[in-house]
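All remarks here apply to the structure that follows.
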Amino acid sequence: MDSFILEQIVNGIITGSMYALVAAGMTMIFGVLRAINFAHGEYYMLGTFAAWWVMSHLTSEYSLAIIGGVAIVSVIAVVIGRAVMQRLVGQPFQAGVLATLGLSLILQNVVILAFGGGYKVFSGGWIEPIELGDFGMSQQRVILVGVTVVVFVALEWMVRSTRLGRSIRAVSQNIECCQVNGIDVEQVVRKTFLIGVAIAALSGILTGPINVSIYGGMGESITLKTFAVIVMGGMGNVRGTLIAGLLLGVVESLVAGYIGLQYRDSVGFIALLLMLMLRPHGLFSSKARF
Amino acid sequence: MELEIDNLYAGYGHLDILHGVDLKIRHGEFVTLLGPNGAGKSTLLKSLFGMTTHKGGAIRWKGKDIAGLKPQAMLGHGIAYVPQGRCNFQLMTIDENLEMAAYTIKDGDLKGERDYVYDLFPILQKRRNELAGNMSGGEQQLLEMAMAVLRRPEILLVDEPSVGLSPQAITLVFNELKRLHKGGRTILLVEQNTRKAMEAAERAVVLRLGKVIWDSPCSELSNADLGELFMTGRRATDTATA
Amino acid sequence: MSTTTLDTPRLPAARLATVNWSACALGLAALLAAPLFLGDYYLHAMVLAMIFLLPALGLNLILGYTGMLSLAQGVFFGFGAYVSALMSIHFGTSFIVNLVVAGLAAGLIALPLGIPALRLRDTSFVMCTLGLVVIAQMVSKNWVDLTRGDMGLSGVPRPRIGFGDWAFTVVQAPEYFYLALVIAALAVLGFVALIRSPAGRCMVAIRDNERLAESLGVPTWTYKLLVFMLSAVFAGLGGSLYAHFSTVVSPLVFQAYYSNTILIIVLGGGVGKIPGAVIGSFVFVAVSEALRITPELRMVIYGIVLLGLVFVFPQGLAPLFERFAARIAGIGSDKEVAK
Amino acid sequence: MTADTSMLRIEGLRKNYGAVAALQGVDIEVRRGEVMGLIGPNGSGKSTLFDCCTGLQKSDAGRVLLKGVDITDWPMNRIAREGRFLRSFQKTVVFPTLDCEENLVLAGQMSSFPNVLSTFWIGPSAKRRVIALRKRAKELIEITGLSRVAHLPAGNMSGGQQKLLQFASMLMPEPELILLDEPLAGINPILIEKVIQSIEHANRELGVTFVVIEHNTDVLMNLSHRVVVLHQGAKLADDTPEAVVKNPEVIEAYLGG
Amino acid sequence: GDPIKIGIISPMSGPNARYGAFANKGAALAASEINAAGGLLGRKVQLVSGDSQCVPSEGVAATQRMISLEKTPIIIGDICSSVTLAMQPLAEESKVLLVNAASSNPDITYKAGVGGFKWTFRNYPTDEVRAATVLEYSVKNKGFKKFAVLSVDSDYGRGAIKFTKRYLPKYEGAEILSEDYYKDSETDFRTVLSKIRRSGAQAIILYGQADTTPIIARQMLELGLAGKIALVGNGEFNTKDTIAAAPKVMNGAVEAAAWLPEVPAPRSLKFVEDYKKANGGEMPNNHAYTHYDTLQLIAQAIRNAKSAKGEDVRNTLAGIKYESPMGSVTFDDHNQAVLPMALVEIVDAKPVIKGMITTKVDYGTSAK
């Protein structure tokens, strides 16, 4: 029990905030569509690639690439939202699974087609380390954690106090009743999807300089983690997602620190499963969705 | 003539439920729609609100054909619908529910609208910050009606509001319906509680097997007649009418 | 009552499924004759389809008829493959023994896994089964003494059938094809028997409304556990066949590819439909193989096919084929809401 | 009271939902062979009482005895199967993808097969059992007037039709005790007669004990031998129908002026 | 006459496409070179690619298609060992020559040649030689004694460490302090690097994926490990991008590479130039080279055999002496190439070749 455990907890929080950030979008999309989004990691990947493309073809300024990347992916999200996601409203759940699996294949392999299958190096970002004694951390990570906090505060506010936020809650509760009250469910789904995807893209861009190597299939493992986080946080629960993300990050980091990296994912999962045994609907399910 | 239904055919998917319904409702009328289970009463209301598959015939609203429009458009035309069974947002407060009901009112005066309904249903105001799901059945029914009334519709379609309510609560709901009617609103009410419905309404329409088989002022119809109508489609006392 | 769409896929089948026996016979006859007309590669692809058919049947049972989305089919598939490979390498047991033991062992291992997993519902259950995949992968990678870790078990012998002098080794594609066909046909028969039994009705009841079923005296938990085990048996059989077919078993059998393929087969074929998994496995293997003409575009087109399927045939391909088969056989198949 | 005449005995049942005290120590005795009415204002805890008796909800305190046997901790399916004790739900629930007949066969199935494993077998004995169940199902469909829609998936039937189907499935396995939660809500007046007749028939001829929650007081008072009134989670009255309708407290709390 | 069809199976879609992409481009370059020089035996070379996704069943299907429909007498493949292992019996039964250019599982050659599969060859160094060389250089030349293991969780990473451990006792006082394996696609190494820093290790033995090395390097930089702990092993330490990701960390890194762009042989330099020209300036990597070289090797064998029939090429290959840009290549009785490997150290952000190693695998002593 020394500074080592502290250091690992900090490491865990840093990793966990990335998990939480990606998962925030997915949990909102799940809330309105009741569909597991198997393609969510792909939007994360698209974000990274969009920023990489902006940096290597338009400008080498990373800060501009953040804006450009989010913008590009948002355009893609608008198209997919219209062409696919909004049509999943009221469809049997297998439609959601198949459609998102299909989307995931398409997005992954279109990127491979367009940019080649080989991995690319994402240069840029603020990677200078900040050193605190023998504990170091790049500026990029500090920014990532900061952005996570901001995004979650904003989401919480949006869901509680804005018209869109309330209608997201309404759609997640009762779709038929939304129709009766004239709430445009499809529009709400589109907007939620756009927000969710934009957040995923943002997290992809912010982690780009940390992950360094980028390739078309990099989203797949993210989807898995994200799914774990949103289940643990209680599906559709924004605050729960943040806490669950951080928790998973810390647990994983302790496992890697004390047992071994190769056991990290599976022990993390076992911890998650044990927790689910105690709270079958996630840590923060209860009544207060969102 | 406010609402004119002319030889309406409608159903679900390729299933026909309504086979040529004819019905005319004047402005400010309180009509109750009765009929055995599965007659298509709910289907008719849903069709008027654009929630079924339209197969043929016309629905004219103030002379305009509105058949086949989307629910949202119906709301825009001043039609509001309170469906069968619970339909509110259980995990939101009454205030929030009303706000969702006002969703389609673009940059409208939400607060004003809300005060207007709270005036109509003072019970709701008392519990405005409670979750809808925690209220009793009668109160939820009132909430749903309030959500429909909020948009100041010209016609209110109400499907079986008395189901599951205690006698007291039923009296409450029907009194409110009568008040709304007095306030000049057109009401089309579907009920199985025929006695209550005929007390409250002016005109009774009986639907059977997807067709209107009876249409008269309530006073011309007794409970015994109604039983025959439901069973055989004819009234015992005079077989000639229809 | 919660209204998640996860455990209540709405299906327009009013009755317990009926089987269009004439269409079945026709299909079987076509398959039996296939080696006369088709080359090795096509037979090979069909063997693959039949290998995937087995775990897909299991998934259809648990997802389509009991309403639980289990991603653990991949686990039992891999488990069956490992059991088969280890038995034949260490004990030199024959193929049939391996097949039976792999199926049973997968069913048995599902028992301790199912007991905790079935406390969960909906997405939590999905998550749990996904967790099992991750854990299985870890075990297979790290239990080096038994599984040889990432080196994998290579050189699993080709299936050997028969006794003594009568035994022969299955090597050629047509031989494999008939072997797989026999196993797949038996599995389909077993599957049909299961869902047409009174227990099949209980499964549908659990899918439709678990609480109501429970209140009518159906011990839902027991049924769910049994179905979970049965679905594992199907997957284990598939895994065994796979091990003897590809001759290599490594932790890669636990990768997402297998779970996803099984899922796509069932969902695309028609979840909760008898012919669903059968049609799904043949069609999707056919599509994926046909697309090999353009290896670069292959997966993109495959994704587009999936997407198109969702919007053109939201209930999967089974209804289409059912209608088609009914016309060919001249016999009404399902009493759908046709009127 | 001996176990012989007691069908269901509820002792000191308590249930809280967070801050809401849905039941606060209720004692009720249901006698063998009677039809008991249960009324009370909305939210008085009637449905919760059913839930706690049948194992759907865990009560916070108190016991439930069925024919003298403590069933408080039994799971729902065991109560239904071994206790021969069924209940219907206030919110109509049916198996939406099965048609009427299958719904009913399923309702009767568990009591006609000896154990779970035997249901996996499709031998002649199983076939015979299912055929017998189908025959009874057809009778009940006839009685409840559902023949016209019997081929539809139950999920596509109208609200009232589903309610009727739910009622029919209660009678299917011929249990000893049935709790009905608003069986007449949304049923048209003609069919109400039929439902009442079926209840009376089952009660008189087969000796089935009923507890009925119903807001249609006119009908309920005629039907029941005894009426219990709940108010805010506590028992307000327990008397003959005649006495209950005159009880000023009940009028105040429930019936209204 | 008809073109000579040569198949190439590699992961072309999904997450593993990042490894397959280079393979196809490398082989394509070799094919165009050969064709530009008039082809083989007067016939053109035609490459046919198949997608394996790194999934054995997919790889087997692709191989079967290639054999039955494309009728390729020779197939190069795959990168993932499990796929190669599954392809072996198929090639054997169909009498198609299978030449592997990138898999590292020792089973592939233990089971080949006199081990059983007569139709499988491997033109890629074994991890055994690699591990022994790296360890020797690290201990003897760099003076490291305390090692931490951080390798990819695959047959390659784990196999290399297994061999490392077998040679470790040869060196007095050398020890492994911790052992961690990262899963393919891992991006977060902070935790494990923190642990390694505390353990007092002098070097990290890293047998990793090409794309992960820059991530690890950058995170070492973040944690202030630059110059304190060195990387030794294999995983494209020498590429410009990797070094650029964290030059301070990469300085002093030791790697045994099958090839690197800095190899001074003219043919190798020409390959780098041509590859960059053909692929929009992209630098070739190890896989690109090995597939390029393997196709050249096959071409040589065809020329020597004066026949493109699988059987003839196979027999020729078994006895060939081929001059690759790295040195001369022969095959042992397990059809494993005996070929030179470069030992590289990064000095001042530049790879410097410290020596070439060619060692034969001792099949007798190496336990399975």
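Each chain gets a letter, A, B, C, D and E, in the order it is written, and its residues are counted from 1.
The rule we apply is simple: a residue touches a chain if its C-beta (ideal position, glycine included) is under 8 Å from a C-beta of that chain, and two chains touch if they have at least 3 such contacts.
What you are looking at is a predicted structure, and each value in this text was computed from that prediction instead of being measured.
For the pair chain A and chain D, chains touching both partners: B, C. Chain pair with the larger contact count among A-E and C-E is A-E, by C-beta pairs in contact. Note on chain placement: the centre of chain A and the centre of chain C lie 31 Å apart, centres being C-alpha means. Here the spacing of chain B and chain C, counted between their Cα centres, is 49 Å. Chain B and chain E have Cα centroids lying 75 Å from one another.
A straight line joining the Cα centres of chain D and chain E is 72 Å long.
Counting only residues that touch two or more partner chains, chain C has 10-11, 141, 296, 298-299, 337.
Counting partner chains per residue, chain A shows two or more touched chains at residues 108-109, 174, 220, 262, 265. Counting partner chains per residue, chain E shows two or more touched chains at residues 12-14, 153. Contact residues on chain D toward chain C in their complex (touch as defined above): 54, 56, 75-78, 80-81, 86-87, 89, 91, 93-99, 102, 105-107, 109-111, 113, 116, 119-122, 126, 129-130, 151-153, 155-156, 169, 173. If you check the complex, the residues on chain B that touch chain A are 49, 51, 71-72, 75-76, 81-83, 87-92, 96, 99-101, 103-104, 131, 133, 147, 151. Residue ranges on chain A touching chain B, taken from their complex, read 163, 166-167, 169-170, 173-174, 176-184, 287-289. Contacts from chain D toward chain B in the complex involve residues 20, 39-43, 90-91, 148-149, 156-161, 164, 182, 185-191, 215-217, 254-256.
Against chain D, in their complex, chain B makes its touches with residues 12, 15, 35-38, 42, 84-86, 134-139, 160, 163-171, 192-194, 223, 226-227, 230-231.
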